[in-house]
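For reference, chains read A, B, C and D in written order, and residue numbers begin at 1 within each chain.
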């Protein structure tokens, strides 16, 4: 397997439950996105958790780190809520010989207008082309998690 | 003007605010939907309120009734949350010489897969073809609000 | 069965074949459109032919008329190319006790921005609400085929 | 400017003209795709030509090569029809100090289901992360144009 994709929840996976009038984290939307993209790259999707990233605990991050370490793939993509994406990225530093790219979305993948497809594609390409390490792929760019933050007011990632 | 469309909020108009991680009732989405539909029918969209229909009060319903009565159009469409659509429809009974059709959506209009476009089109056609009275247009059918309910479990309207 | 839908081809059903670099009339797209619309109305879709409407012959129109007459439904929708939609509508005049509504699209149903969903919904509602006769549902309005034309330059239907 | 994007036409840019019942290469669709993607990367889109790639001449390829050489950007993306994408890529070999990535789509960007957004994102990321050279980004992978072909029957790119 060339690429392993772990999903953890976040805005990208939010779906709407009319009966409850609420949006909640649902099935990993990346499966549907990738089906439409006509891919020939060999990949596998594994759902680790379905959480808003504000709810992720240290234990969750340990679970993610363990899953990445155990993966037989050297190219790893993780879909994640944007609020604590950088925290999780930092918690993955030090895993050797793997290129790990985190991404997410500001608008759910189910929307007609969404950054989800673009971000997933960016992350999958970055995971294949960058050297080993941990990266954030958002807004069409690559960020070093040690030197980036989410600008909540402007709704985007930026260098610090 | 042939058709007046009043918007009141509901699922159909829900948008996502990443900065708050919440979905809220936003701008009337019908404006965008109708722009794409290549219409030549003469219509006007007026936003009366932006609420989940569970939050609508008797005062809100009086506002809606007043707006319908004051409209110079005889063909009226109202977009509305589904939970109390029937209550509002009943509160509009007795307005003479106007065909009033309420509709909404189970999935927000901004989703790639949504019933919003279909329901809006159904309601606009019903408002032009039915005789004066108050109707619900949902699930491809016309319901008499006096003899219909929302089946929350099955997520659809049905006759009683 | 409450509604029978006959498909004949036209722009609404055009799909893209990359291997041939051409768009051709494909599978009836209405099946997918209706799946998303959360309908409870009882309907059936029957594909009669897959043609650009400019290629429809008198024999094709006889086939369509026969199919409508043989249908056990009294509410009939026909999806059709727009160029000769009015000719086919005229060829259906005189069928008694059925409400027959023709519709189509200026942009294929597979496009992100398309009038197909709106037009299909309009036609299905009109077929259920109008008295027996033959009608065109396009641009959010109902046209009498005896007094309508397609304005090719403006890309819409209008009264004459 | 970090990234310059040249558009040349191809399936990705095909739009539908109902009045002519034909699909033709239209405005560069990438502009709309990128508007939705919430990018902060500094880029510019320049339309060089609007052709099916089967119609591209040696002169057209010379024009593309000249445009790439004249660009002040070192990261270059070119959207292109898939049929002769590899020929154009080979015609760009030897331009020094620039990372040049060609991409396109099997389904037009205007379709609801399309590989266009995914491919554009892949190419933009590859252009920023790969070393100088000429590459094809299709099907979620990077191809060396000297060792790749379009498999027309399977509708995808593959190594040779």
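Everything below uses one rule, namely that a contact is a pair of C-beta atoms (placed from the backbone, for glycine too) under 8 Å apart; a residue touches a chain by one contact, two chains touch by 3 or more.
None of these values were measured; they are calculated from a predicted model.
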Same-residue or different-residue interface between chain A and chain D, half as cut-off: same
Between chain A and chain B, centroid-to-centroid distance (C-alpha), Å: 37
Distance from chain D to chain A - Cα centre to Cα centre, in angstrom: 26
CA centroid of chain B to CA centroid of chain D, Å: 43
Touching two or more other chains - residue numbers and ranges from chain C: 106-107, 112-113, 155
Pairs of chains satisfying the touch condition: A-B, A-D, B-C, C-D
Contacting residues of chain A [partner chain B, same complex]: 11, 14, 16, 18-19, 21-23, 52, 54, 81-83, 106-108, 110-113, 152-153, 155
Touching residues on chain C, where the partner in the complex is chain B: 33-34, 36-41, 43, 106-107, 113-115, 117-122, 124-126, 128-130, 137, 139-142, 155-158
